[in-house]
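One chain, chain A, appears in both complexes that follow, with chain B as partner in the first and chain C in the second.
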Partner chain A sequence: MLGSVTLLLERLGARTRHLAGSFVYAVGFGIEVARQLVLFLFGKRPAFRVLTLQILFTGVEALAIVAVLSLSLGAVIIIQGLSLLPQFGQAELTYTVLVVVITRELGPILTAFIVAARSGTAVATELGTMVVNREIEAYIATGVNPIAYLVVPRVIGVTVSVILLNVYFNVFGLAGAFFASRPTAGVALWEYVAQLGAVLQVRDLLGSALKSAVFGVIIALVSCHHGLLVEQASTEIPQQAIRAVSRCFVLLIVVNAGLTLVYYL
Partner chain B sequence: MRFRIRFSNQIVGLFVVTALVLVAAFIVALGINQRWFEQKHEYYSEFTTARGLTPGLAVSFRGFQIGQVRSVALTEDDTVRVTLSISDRHIDRITEHSVLQLQTNPLGIGGGLLLHRGRVDGEPLPPESLIPAWGSPRGVALRQAGLVETAAEGDIINELLEELPVILANVNHATTTGTQLLEQLQQMVAADATGPVPDLIRNADQMTVELRSLLALTGSLAENLRPLTEELRRPEGAVVRLVGPELDEALEKINRTLGHIEELSGFAAGSTPQIRALLYESRDALETGHAVLHGIRNNPLIRGGIQPRETPAAGFEGYRPEEF
Partner chain C sequence: MESPATTRQTAQERQALLRLHGVTVRYPDYCVLDSLTLELPLGSTTAIMGPSGCGKTTLLRCAAGLLQPNSGSVELLGVDLARAPDRELTQLRGQMGFVFQHGALWQNMTVRENLLLPLEVHRHELTPAQRRRTVERAAERFDLTSLLHLRPAQLSGGGQKLVAYLRATVLHPRVLFLDEPTTFIDAQAAEVLRADLRRRVASGCTLVAVTHDAELTALMADRLVVLDRGRVLVNDLTEHVIHSGQPRVREILRDVLGEAAVYDQDILSLLDAGLATGGEPPEQNYAGHDHD
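After this line comes the complex of A and B, so read on.
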């Protein structure tokens, strides 16, 4: 009995120490990334090529799936809105619902989910593979800061990609809504633009961009962090990749709720 | 090297620039549509509650947005001051006697301020002026005076909800008046109150006592009347037995007398023409006699009149003088 209690306490203590150590490591990692980010933005940019490639892989290559998703989503929302809201005598709210759903909520979060699923795993896997292959040690040995050269371009690249993909998501989503409303409700282009322009506010665009930026930073930091948590074995790589994605999803949902709350305060 | 890797800079540049152009186009379209650079005129209105009023709420006229709510603030005198901005293109529609109606949705979504233009032609209302609310006393007075164009834009539930504060105010006023009346009545019936009504109320007790004794007396009379009525009702009762024969005889006499009177009346009614003719003839005889007497009096032969007739004395005058 006493032995089992002692064992339980030992496990609890070890778990607590591990969580505390991980937390301290993550905080230190974030601070170092922030410091190197400032140096990257206001100093020399030796890793600009890495940044470009990251935007290419994360942003450009995800454009197709984002476009398809947003087109169909916008079409579904406008069709549902035009069929459902007039029953409550609130047909004019269709465009408000469209802006709220596409621009404020689903645009940033769905884009972030797509990037986390595609690029988050890729970043974690890539960095984990580099750790296993001793490439990180090679960078350090040659005097290259791996945070500055590997992490910062990825953080900026993923963040910029999420922001830009969100812009495309809005454009394609609203376009999809128009293309769907044209044959179903016979809405003319200028009428659609006028109705949309009446309800869409600049703060909606800014709020959406802010969410995207925060989501991009979260995805990049969590993915890089878990990629660098790989120590020796290649079997750790998929484990950390899965953890990175799942943790990204959880954080994205929680932070999205918090930001939405702040938006309406 | 793959194409996209070789031209990654160009592809990413195109990706970024296109996104920036789209954002710029969005903002320009918003600016044109929302007329950011158009001159706007501010007005204000006063509501009793801020429920349903939020900054950015649309101000519409006949279904078209002509402005929006700038701010909603609670003033020191507990009214809700709503500041509106009306676009310059629609300033002519803000005429005197215009009224603002808050259109809310029972579901809590949608809504806006509807402008009802005043029935006045002329210059628009100067900026910074008050546009009365639909349910405010001034708004109600303007509507009742027929000075507001009340186009039916909202639904019936909203209109009822708009009227509800007025109805509640009236009910509140009636309740307050009733409460004051009750308080006055309570003061009247208080022990130390003076005046005719308190005296009357105070004397009510004594009056009630007197009325109660009177009712008791009336009750005893009624109790006494009851056996008498029963006796009268019974043919073999004591009353009938006591007054029965005399009463029947008297009634029989009265009946006979009435029969005689009836016969006399019938005879008189049947002899009326003869009596009338007799009276006419008598009157003619009297007139003839009067003429004869007049002629005799004027005749000189017999002037001096007719000797009075002497009544011959009776043979036996009796034992007593006639005057006795």
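After this line comes the complex of A and C, so read on.
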């Protein structure tokens, strides 16, 4: 009995130590990224090419999927709004719902999900592979700081991409809503724009952009962190990639809830 | 007031290339380096040998500051690697090169970009055109000019190893760390590499190599460090180590270099042969051998 209690306590202690160690490492990683980010923004930028490639992969190559998704969702939301809300005598809320759902909520979170699934796995896998191939050590041996050269451009690239994809999502989502409302409810373009303009506030756009920026930083940091946690074996790479994406999803949902709460305080 | 002897001693100490003191590298289930202490002088050419898994590569990575030991201190060219500020470490990197066992070329760059990056980091005084010219001249020496536009994955193993060597030496470092530089490459490529190492040794470059290559050892090593189970068994001049009476040292040398090197020919005769071997290596195509 005493033996099993001791064993349980030992395991609990080891787990706590491990979690505390991981937390301290993650905090240290975040601080170093922040320090290198400042140096990157105000100093020389040898990693400009890495940044450009990251924006190309994360932002530009995701445009098609974001377009399809946002057009379809915009159409679905307006069709549901136009058919349901008048039944409750709330037809005038259709555009408010559209702005709330597309601009404030779905735009930031869905683009973040898309980027986490596409680029988060790619970043974690790429960095993990570089660790296993000793490419990271080759950077260190050459005098290149891997955080400055590999992580910081990815943080900036992913964040900028998520913000731009969110703008793109909004434009296409609202366009999709118009294209769907035209044949179903006969809404004219000028009327649609006027209704939208009446409910869409600068605060909505800024809140949406802020969410995207926070989500971009989360995705990039978590993905880079997990990629660099790979130690020696190539079998660790997919494990860390999966952990990176699942942790991104959890963090994105939780942080989104927190930010939405702050928005309405 | 310092005596002349003390001053001489201090000057000699300053000349130390590498000092590892009580270095321990431990993983959860085993200890790779066990409180290892080692000192190598500047200007020496050292071969590190030992049975597989004894910690040779780990020692080299610690020595070059690529791996932080669990305990102990590492000093390279008078710089404490754990305490030096970033700027000092970056300057130190500009004076050293590291050839990885499997090349470790940056796969997302071309061969040219792999060779350019060290120059971009450390040779700010050069214009981009001058850097490109430096890379082209270096590639010409190894007959790699036609491969500069390729990605590392498009090269053969030998080609990748030579590019890795070229990347490590493009800055003409004072210290060159080599991890099994001649493994995985064919005899011709190995000869190309040995010839260049010979030139570097002659020009005063300090070499520290982990190797099983008897010919390379004979060619370059004036010191041998024999490791066993994470500890230094012996660190002395090559001729002293070769003639060592320690049974474990002889056993390891026989296993690593082959019986002939120790008993029949004697590594010192190989040393003479190595130094006598000169001339330019034959031309060779390094692209895509592995896919033939």
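Operating definition for what follows: the second predicted complex is superposed on the first by the 265 of 265 C-alpha atoms of A that agree within 3 Å, B and C clash if a C-alpha of one lies under 4 Å from a C-alpha of the other, contacts with A are read in each partner's own complex, and residues count from 1 in each chain.
Following the convention adopted for this analysis, a contact is a pair of C-beta atoms (placed from the backbone, for glycine too) under 8 Å apart; a residue touches a chain by one contact, two chains touch by 3 or more.
From a predicted model like this one, the values you see are computed outputs, not experimental measurements.
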Could you tell me whether chain B and chain C fit or clash when both sit on chain A in the superposition? fit
What angle, in steps of 10 degrees, lies at chain A between chain B and chain C when each chain is taken as its C-alpha centre? 160
Decide which partner touches more residues of chain A, taking chain B and chain C as the two options. B
Between chain B and chain C, whom does A:117 touch in the aligned arrangement: first, second, both, or neither? neither
Is A:175 in contact with chain B, with chain C, with both, or with neither (first, second, both, neither)? neither
Scan A:255 for contacts with chain B and chain C and give back first, second, both or neither. neither
Contact-wise, after the overlay, does A:143 reach chain B, chain C, both or neither (first, second, both, neither)? second
So, A:134: does it touch chain B (first), chain C (second), both, or neither? second
Would you check which partner chain A:34 touches, where first means chain B only, second means chain C only, and both and neither mean what they say? neither
Of all C-alpha distances between chain B and chain C after superposition, which is the least, in Å? 10
Same chain A residues contacting chain B and chain C, which ones? none
Which residues, counting only chain A, touch chain B once they are in their complex? 52-53, 55-56, 59-60, 63, 88-90, 92-93, 160, 164, 167-168, 170-171, 193-194, 197-198, 200-202, 205
Chain B to chain A touching residues, read off their complex: 4-5, 8-9, 11-12, 15-16, 19, 22-23, 26-27, 29-30, 32-34, 56, 58, 65, 105, 107, 109-110, 155
Report the residues of chain C in contact with chain A in the complex, numbered from low to high. 61, 64-66, 86, 89-94, 96-98, 100, 102, 104-108, 117-118, 120-122, 167-168
Residues of chain A touching chain C in their complex? 46, 126, 129-130, 133-135, 137-145
